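Pasting the structures in now, so scroll down.
Consider the two complexes below, in which subunit A is the common component and subunit B and subunit C are the respective partners.
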Partner chain A sequence: MDRDILYIEMYKLFKRRRAWIGPVLVFLLIIISFPLTLDINSDNPPQIYLSFIWISTLLVTMLGTELIFSDDFEDGTLEQYAVNDQLIEVVFYKILVHWVLIGIPLAFVAFLFILSLNISIQISSIALLCLIISNLIFINFFSLGNALSLKKGSILGLLITIPFLIPVLIVLGKMTTSALLGLSLVGHLSLLVGVMILVASFIPFVISFILRTHLE
Partner chain B sequence: MKLIEAKNISYKINDRNILNNISFVIDFGELVKISGDNGSGKTTLLKIIIGLTQQTKGELINHNEDKVCFLGHKNNLKNYLSIRENLMIQGLKLDSFNLDLLEKFNLRRHIDNSVGTLSFGQQKKLSLIRVLNSVENILILDEPFVGLDQKSKEFLKDFMEAEVKKNKTIIFTSHIDFKDDYREIQING
Partner chain C sequence: MIKKFFHQFASPKSYFAIANKFGKPVLAFFFLLYIGALVWGLFFTPPDVVQGDSYRIIYMHVPASFMAQILFVVMAITSAVFLIWKLKLAAYVSKSIAPIGAIVTFFALFSGSIWGIPTWGTWWQWDARITSTLILFIMYLGLISLHASFENKDKADKFFSVLVLIGVVNIPVIKKSVDWWSTLHQSASITLTSKPAIDPVMLYPLMFSIVAFIGLIFGLVILSSQNEILKREKYKSWVKNI
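Take a look at the complex of A and B:
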């Protein structure tokens, strides 16, 4: 693996501030405005807030990965990487960089929101861990969607990938219930970690294959 | 020593023949110009040579195992970054060689301006700096002279001829003639 590519990808995304600060700000705006529509002092079960966070992060990571490949595709950078057989590395690093600059900050913003809701620190910490893991899964799938629809606008590919993420949302929902009931989370957490490893090690290869076909 | 052997290469998209039974051999250290009318398949042939596109018929044997320097139609530049940053992400240092190149191309005074503010010709010159710095032994350039002023065209021609004398291989598409020996592959789509 060429670490220069990691540095370059990190630098490129960091300089396109709108691409990574934008989604985080949108997420912040959503979670600030959400309590305004709901009386947070009432006895609303915490599941509502946590489910709202899962769905919001899903949609915001979709927004954050919208330009993941299109910019490099349009200016010929992907072509250059493909010529030297570096597409897989680039895809892997792009996903990693988007996770670091978008996925993880989103998880921490959500964590602060959860803490403010009088949810125990233990459950909040588990939610943070779940968000960090699930955001990597979301970014992988949305990157796949963007790769699929690179020449045709991003909506179609993203719509195709959302159904694949519904099982992840179901697992997150089950985890929330188990955590609030004080049940063991080892099984659910292992499943989530397993899916993350599988997705993060398999999807970049599929994406690089798709990108190569776009470059032909 | 053979670099590329193409035997009866054809390429077809939706029943439209782009390339039709093309055969050639390119040796290491050659300067090769691929010429032909617009739409005759010059870019497609380059893409087949570098392995981005697969021919629909025929055989292409590539004896090269090293990295190649490829400059396509697109300029590999980031509009939201400055010239300095674009050079940096291409792994180029702002040493005296590159500063001289920027001076020669009248880009040095724009070094901290974003590339999006440069003209097409200026962007083309900037993208060529990567080629002029290349350490690879094989350079594949798609229409490298397009958008350049006369002075820059002469500079690039001299560079290419000098590189070939150092035993590098350059394959390019263009309508420009060269002073020294070069080989031409004429294609008619």
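Take a look at the complex of A and C:
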């Protein structure tokens, strides 16, 4: 594993401030619009807000990974890596960097919002953990979708990848209900972690296969 | 000898010749068989005690929902064959399955909705089976649009096959996860699984219609794959000589 690639990728994304601050701000705007459209002081169950948060993080991580490969594809950087046989590492590090700079900040913004709803600190921290884990899964799959739909627009990528993410959404929804009922979450959480490990170790290979096919 | 047979059969040219000879008779045979099954089911079986005559749509709904999933699995097998052995024919076949699968899945959803109105009192219920079928339908549409969006069809075949393989892993997962989700939210009164065992008088025409429908759909797949071969290999000399 070449550590330099990680630093380069980190630097490249960090320099493009709009690419990682932008999604977080968009997410903040979406979150601000919840209290405007739903009466936050009424007795709506907290689950409603949590499910809104799952769905909006799904969409915002999609926005955040929209340009994950296209710039490097256009200027030939990916081809260089492919020649050096480092494509898998690049894909892996790109996903990691996007998770650190977009996925985790989104999770913390959502955590602040959940705290503001007077939901107990235990449930909020579990939700934070779930968001951090599930954002990695989302980013992996959306990178796959964006690798497939390079130069074709992101609607195609969304259309293809959201069906794959539905099980994750269902597990998240099930977790929130059990958390609010006070049931144990160890089973769901370990399932989510397992899915994360599987996805994060398997999808980069698929993505590098797809990118190699693009470069042929 | 077997190897030689496979090599011959796997070339689009000889497949086309064989399909040209047998495709249409097979399709016609299963079409008539399916019509026969429908006639048997619609006119020669007694009405259901609870559902009356409305249950008779079972002879269209059950084969369609069955095929909706089988076609995806078949598509995954042909895609795997394409990715592993680089057989172009397999890619053509799996590409031509996708639209048929989408139509069959839509038909399953549609007939289910029609059946739901008299029996459940609603045309849609967010339960496990219906939701997973709807996701399946959207997956078919996504695959079709993915294949259509690439000018370079060889690339499109590869992406399509990779995605089908990820999708087929996902199908049981979706089914299972939707099951968990619905067991929490919904009483079991309206699930199809808890229906009492079906009477032989209705079971035999049902089996008959399922078999006939499988044959009918595979006949259609053969015809549609022939079409795809002609489209993709139109610059080859053997196609020009037809």
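Criterion: the second predicted complex is superposed on the first by the 215 of 216 C-alpha atoms of A that agree within 3 Å, B and C clash if a C-alpha of one lies under 4 Å from a C-alpha of the other, contacts with A are read in each partner's own complex, and residues count from 1 in each chain.
Operating definition for what follows: a contact is a pair of C-beta atoms (placed from the backbone, for glycine too) under 8 Å apart; a residue touches a chain by one contact, two chains touch by 3 or more.
In this text, all values refer to a predicted model and were calculated from it rather than measured experimentally.
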In the superposed model on subunit A, is it clash or fit for subunit B and subunit C? fit
Which partner does A:Ile160 contact after superposing on A: first (subunit B), second (subunit C), both, neither? second
Quick one: the Cα-centre angle at subunit A between subunit B and subunit C, nearest 10 degrees, please. 90
Is A:Leu215 touching anything from subunit B or subunit C once the two structures are fitted on A? First, second, both or neither. first
Of the partners subunit B and subunit C, which touch A:Gln80 in the superposed model: first, second, both, neither? first
With both complexes overlaid on chain A, does A:Val206 touch subunit B (first), subunit C (second), both or neither? second
Would you sort A:Ser149 into first (subunit B), second (subunit C), both or neither based on which partner it touches? second
Would you sort A:Ser124 into first (subunit B), second (subunit C), both or neither based on which partner it touches? neither
Nearest CA pair across subunit B and subunit C in the overlay: distance in Å? 7
Doubly contacted residues of subunit A, that is, touched by subunit B and again by subunit C: 216
Which bits of subunit A are touching subunit B when the two form their complex? 4, 8, 11-12, 15-16, 71, 74-77, 79-80, 82-84, 212, 215-216
In the complex, go through subunit C and note every residue touching subunit A. 135, 138-139, 141-143, 145-146, 149, 155, 158-159, 162-163, 166-167, 170, 173-174, 176-178, 180-181, 184
Looking at the complex, which residues from subunit B come into contact with subunit A? 47, 50-54, 67-68, 70, 72-81, 85, 88-89, 91, 140
Spell out the residues on subunit A that touch subunit C in their complex, using ranges where they run on. 144, 148-149, 152, 156, 159-160, 163-164, 166-167, 170-171, 173-174, 177, 206, 209-210, 213-214, 216
